[in-house]
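Each in structure tokens, the structures are laid out below.
In what follows, chain A forms one complex with chain B and a second complex with chain C.
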Partner chain A sequence: MQNDLPANSKPLKERTSKAERRALQEAQRAAKAAAKAEGSKLPATTSGAVASANVKPTKATKPSSQKNDSATVASSEKKGGDRPPEKDRKKDAPHPRMQYDDKSRVEKAKRRAVVKQTEARNRVELFRHLPQYEHGTQLPDLESKFFQLDPVHPVVYKVGLQYISGDISGGNARCIAMLQAFQEAIKDYSTPDEKTLTRDLTAKINSYVSFLNECRPLSISMGNAIRFLKNRIAKLPLTLSESEAKAFLQSDIEQFISEKIILADKVIVKHAVTKIRDGDVLLTHGSSSAVEMILLHAHELGKQFRVVIVDSRPKLEGQLLLRRLVGKGLSCTYANINAVSYIMHEVTRVFLGASSVLSNGTVYSRVGTACVAMVAHEFRVPVLVCCEAYKFHERVQLDSICSNELGDPDAISKVPGREDINYLDGCTNSENLQLLNLIYDATPSDYVSMIVTDYGMVPPTSVPVIVREYCRDQVWI
Partner chain B sequence: MWWRSASFILDHRLQEDPPNDIASSSKEPDTLSKLSPPQTHSSFMAAADPFNPIPNPKISAYYQTRAAHTAVVTSDWLAQAQAAVGHHPDDSPAPQTQLLASPSASGKSFCVINEFNNWRKQPDLAEAVAAIRALAAVIRASEATTMMELEIELKKASDSLKSWDTTSISLTAGCDLFMRYVTRTSALEYEDFNSARSRLIERAEKFGEISCKARRIIAMLSQDFIFDGCTILVHGFSRVVLEVLKTAAQNKKLFRVFCTEGRPDRTGLRFSNELAKLDVPVKLLIDSAVAYTMDEVDMVFVGADGVVESGGIINMMGTYQIALVAHSMNKPVYVAAESYKFARLYPLDQKDMAPALRPIDFGVPIPSKVEVERSARDYTPPQYLTLLFTDLGVLTPSVVSDELIQLYL
Partner chain C sequence: MSELAVGNIVRRVLHIIREEDHSNTRDAVEGFRLSVGGDNDYIVEQDHLNLSVAAQSSLCRPSLHALLERSPDSATTYFTATTEDDSEEKRKSLDPNARSLEFRRKVISAVNDLIEDINTCHLVIAELAVEHIHHNEVILTFGRSRTVKEFLCAAKEKKRSFGLFVAEGAPKYQGHLLAKELAARGLQTTVITDSAVFAMISRVNMVIVGVHAVMANGGVIGPVGLNMVALAARKHAVPFVVVTGTHKLCPLYPNNPEVSLNEMRSPSEVLSFEEFSDCMDYRIGTGAPQLHVGNPSFDYVPPELVSLFITDIGGYYPSYMYRLIADYYSSDDLVIQQKPAS
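Showing the complex of A and B:
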């Protein structure tokens, strides 16, 4: 909120009209008054207020201790009357994501929340802005509330529970489940009296989305799908009757699932298979549905190749993939990520899945992917990232800190089935132990040779072109 | 990129005012006569064809033509050509090539590949342009009455052209580009068939001009990068690079050129001959002396057989190692290539391309147990290239993919 102010007052300097000059004067006066009232401890705020009036756009976020003072400054500026209407401000910058180290906002969000999450106590300093909850406490609570929850459609509720319990995981599966739940919800929806479908349904979808977000933070691909749906609702022709509109939306969702996810995967497989030759050794990390399809299809085509599956704790998703591949008769090698530098020298291609690909070519994927890509790059092994274009996002991210998801910290402190490994028993609650279980990481584009997407095989530098050409108004066409 | 080229814009203007449209259709017979391949050539070819279509299917036809046009003709090359003539009587092309006979009532059969080969003979004509002219000839010979029929016929012709020589990237790129124009140009949708057809033919005719114009544009663009007193390393015989250096010499720039020898077809010898004619100081190097001389060099100039989607280039064998050496010594590597060489390919490494083989003469007999690497080209990844000079402007390698996405998607 604060950084908007200087940005808005930026054009002031060019053409200072009378009113604006007065606003500036008033702001300065208010700042002075505030400084007097607060006593001597406030030089910083005064300078801040003057700075904002004096058109200095560099002022970044303020520490929350100064919140009250800056509020007075803000209100005094409001009196000046040169604040642009709310609408314009929204367009300037994308809505900031919720920062979970901002206490007052977290409190507010909690009051609205349906899912009662208990927050974890010892959080790692760098990752305080991400939500982290005690795992396993919400399920019984939610189940007991099933009949009281009016606003959430049962199907959406079911999907939410499946997210919490981990029954549905993987970007595509989660996205499809969500869309299908929305489809059901739209089918059962009827517009209440004195409301319009467009508005009321959007509100409904919003409440579902926030419910799902509480169950598990949304992935970027789901965000894109939701944006698509909302856009479709907003653009519904007013002449349609309610049943027509509902049928329209349902078929739109159906089309999104089949074109952007299922067909896209088929095209990706078609492209990627051309890069597999006889005698290749392919390495993959974790379990990606696109990579699995590629491997199976190449096997069906009769190509002779070997697969190395690199896996990592705590999820060990690679074992699932391994089981399915071995069942189909592929020859596989299974290794832990610790062994990746050893196994890499015999590998000829690395195929990786991705949760999202960002505008600067950064690949946002299951934690460990960056490590595999870097080792492969060091060994001069080409790294192919397979990702459907609906997962592309215009955002830019440089590290895996500012946006990530935190998993259950207990998962890394305990080894299930190994009672003898109990070194951390009893000290997980200690004040000076902080456990960090990251879910995703960001792979810089330097380590990626190619991105295989439904628009063909492109270098990571071309992601913004695809986003620009095919994602107008943030809706994939 | 097609629509940014000069002739496309001209074309576009033509469409916008209708009177011109009529004028262009009246011009049609004129265009046709200009477009038909030189008769002398074809008759000459029928008599004694030194380069028969695919004399040996294992050997890249593209590189044979290149060698014939640009290289010093060596004894081994002559022997090979002779052998080829001996093996194949001239009018029977290799069995896998599809004869594309137009279903004409007059019984005149027409073969797109022969047509292509006729055009290809001209040393100044790029392969892609020859392909497009051959396809234009298909349109002329075609008796299709709807756009769809014509499209199918063209598709067949371009497929047979592409399969005729899979090693030539610019042939594939040229065919794709033309097909793209036929299938995509919305300008063709609202016209009646005949004027659409003549527009296509006209378009193909213009393509030859673009090819020459593109070289001029590239030469102009690259002048800013050649400074007085610089030393330029050149590899292979590229018509574009020659044009660049020619223009620089005409602009009274003082520079000196190092030419690699370009084994085995010795394209460098020919290139140094051309430069000597322009009075440019030139020095010949053997291919293995590149690293030795690199610290004297200020920039490396190469052409390209094809520019691929990653922004890397496919070029004559040896380009990759020169780029590597230049990169490690922090010398810029400039590529001069026309935009019709942009191809929808994405090789991940050297072996990820269809091999293009050529004969190599070592001067002494090689024992049969010894294997010979006969590949004619290599792939240079984009991180070793500094800039690409194209008729679309001076591009960084990553822009190539952007242009391709805009064109083909």
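Showing the complex of A and C:
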């Protein structure tokens, strides 16, 4: 069972059987471990493959896409021997993500970091496993380094800066911006001598990803897109020339964006609009691109309905949505999330967006969504979550604490526009007082009536089925 | 209709006056029974008259105004029954003006007691803190309440160490102030936004809040957002404890409380006028404004969501609160009539 080159034995897009694909991944992992260890092509043992899989987590601190690194690293496409499928099943369980209270791993990650982060001094104990840095220190530092072009491509750098400043926010927007930046980077890429395109390009993409992660932790949609890209790189046949390979990858990214995001949104809008009737009062929380499209499309179709926008601090994203909807002529009501019990009496449907839907049906979305869904459930109002299928993930999560993102604590102490409320000015460094700014929360599946995806309208229990059939092993139909 | 405590206190005072009058009447009737045993015809006749007047006054009570402004005429003759009793006789033979003054003095001292109770209720409640808060607990509170502050500080004084989450309570943001005060007193405090309450409540042992008013069915009127917190607490089986003085107990039943017992504040606290002034002018086809902003200031929490009331007279279950009403309020006062202008 040596690793021999396949002489054009399989065209790139052929659907191989599961066992063969797993065997392929095993062999690739083994080859990578071997290449790293000795530089000679020896078949690595199973333990060697496992060791290489464990080395990878420290290389790139990507909490959400970590667990599928084992499936995507490839030095070249080699057909390995027949590993029994049972051994592969064990490695299908996701790798645990990097926990930031593990000091040795944090140290290693810091050494590789491009962005110099200072850790926040006043950390909430409950969230020690999540990264928390001093905000406000990164942006000027990074801006000054903009013209030192190594090691990060300027387009990727720009996108990272936009993430930090909050100019780009929202799952779809961030994902599209990142993929387009990668397209540019691939266009400008040229393989150095004595390196293979796939291996080197993958390493470069990894470094870009870790840079973006340091700017702002990756969202789950971005993690899935990265997994897709790396898998495409891995599957490139060796016989392609460099320019052909690059063109191939660029068109793949283009196809991903247009199919998985843009077309998916159109399908979601088409499905969800059927659920809106004349005289409805629709409630939404924050600003979700999918929900906005649904409301605008329904308005264009001439349906008569009212919209209630519930907003929450500190981001107050609902105000942007409000402005856009009122500009298009919808009649809107705006309220703070505290008033949701007051407003819910007159609401007929609740539409929510999601950053991701996890495999136990939990909806992972902007903080406050869980409160809205809970109150809607209490008042017997149906809750519809609109989420593209590429955002689904195999992970499971029970509450909002296991995995989350911590934002800038100063955003809580400052209340914009209300100068009389400045009790907490200068208190961020008091030793007994901490400010907690959560970005996401997890809504339990019993509060969700239906999830509208591009695969149709499904109950929350169908999410792991979709993940398994359509998203596993990167069979992106 | 929003400041229910005012109505409560008015009713309390009325109740005090009625109680005082009732105890006076009771004493007078007691005195009759002693004196009716006499054989004197004249006395019997006088007594019958007095008894009937007393009965009349206890059945259809004179108005409170009349009680306080008692003029020395027939209405007071029942005090002049002639017998040989000792202190009763002395009292009865007092000059009516002095009697009225005596009555008023008693009422005033009872009202002073009431004022004292209201001022010190949070101290009494705070003494109960030690029973409910233990080591290494995590407590969540919402907005700012002086009673809650004293409650928590009392537990801290007794060397119980616990962590605290304070939800800021938009749009007043009183939670910020409370957090600052408690951190200054040495409590480990974390400020969270209201939207994060569901996320954090899974790690919380108890929710302690202060409220604006307690209704007769055990439901509470609290700062806006409290219903959300109570629902989240029920979902996670976290006890929802309300600390309140008895002066907040209102004898009314909440009918449609979101509208009738609510107060709408200025929308500028929620949405700034400068940024949205252009949107304010948009109109839909019928001429109605296109943009509404809602800013209620109170929230109603039904009694099923409240686990416990801690008051200055002890801890109670919500379904018991209606009994306390009988102690503190008279049924005549529940609906305060508008006097017809005559």
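The rule is simple: the second predicted complex is superposed on the first by the 378 of 477 C-alpha atoms of A that agree within 3 Å, B and C clash if a C-alpha of one lies under 4 Å from a C-alpha of the other, contacts with A are read in each partner's own complex, and residues count from 1 in each chain.
Definition applied: a contact is a pair of C-beta atoms (placed from the backbone, for glycine too) under 8 Å apart; a residue touches a chain by one contact, two chains touch by 3 or more.
Note that the structure is predicted; figures quoted are calculated from it, not measured.
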item	value
Combined model on chain A: chain C and chain B, fit or clash	fit
Contacts of A:332 with chain B and chain C, given as first, second, both or neither	second
Touching partner for A:375 - first (chain B), second (chain C), both, neither	second
Touched partner set for A:456, first chain B, second chain C, both or neither	first
Touching partner for A:161 - first (chain B), second (chain C), both, neither	neither
Which superposed partner A:349 touches (first chain B, second chain C, both, neither)	first
Touching partner for A:466 - first (chain B), second (chain C), both, neither	first
Touched chain A residues, chain B compared with chain C	C
Overlay on shared chain A, then closest C-alpha pair between chain B and chain C (Å)	18
Contact residues common to both interfaces of chain A (with chain B and with chain C)	none
Contact set on chain A toward chain C in their complex	124, 126, 312-314, 319, 322-323, 326-327, 329-343, 345, 367-368, 370-371, 374-375, 378, 399-401, 404, 412-413, 415, 417-418, 421, 423-424, 427, 430, 432-438, 441-442
Chain B partner contacts - residues on chain A that touch it in the complex	275, 277, 349, 382, 384, 449-450, 455-459, 461-462, 465-466, 469-470
Chain A-facing residues of chain B, complex	309-311, 344, 346, 348-349, 351-352, 382, 398, 401-402, 405-406, 408-409
Residues on chain C engaged by chain A in the complex (per definition of touch)	165, 168-171, 173, 176-177, 179-180, 182-184, 186-200, 202-203, 223-225, 227-228, 231-232, 235, 258, 262, 269-272, 274-276, 279, 282, 284, 288, 290-296, 299-300
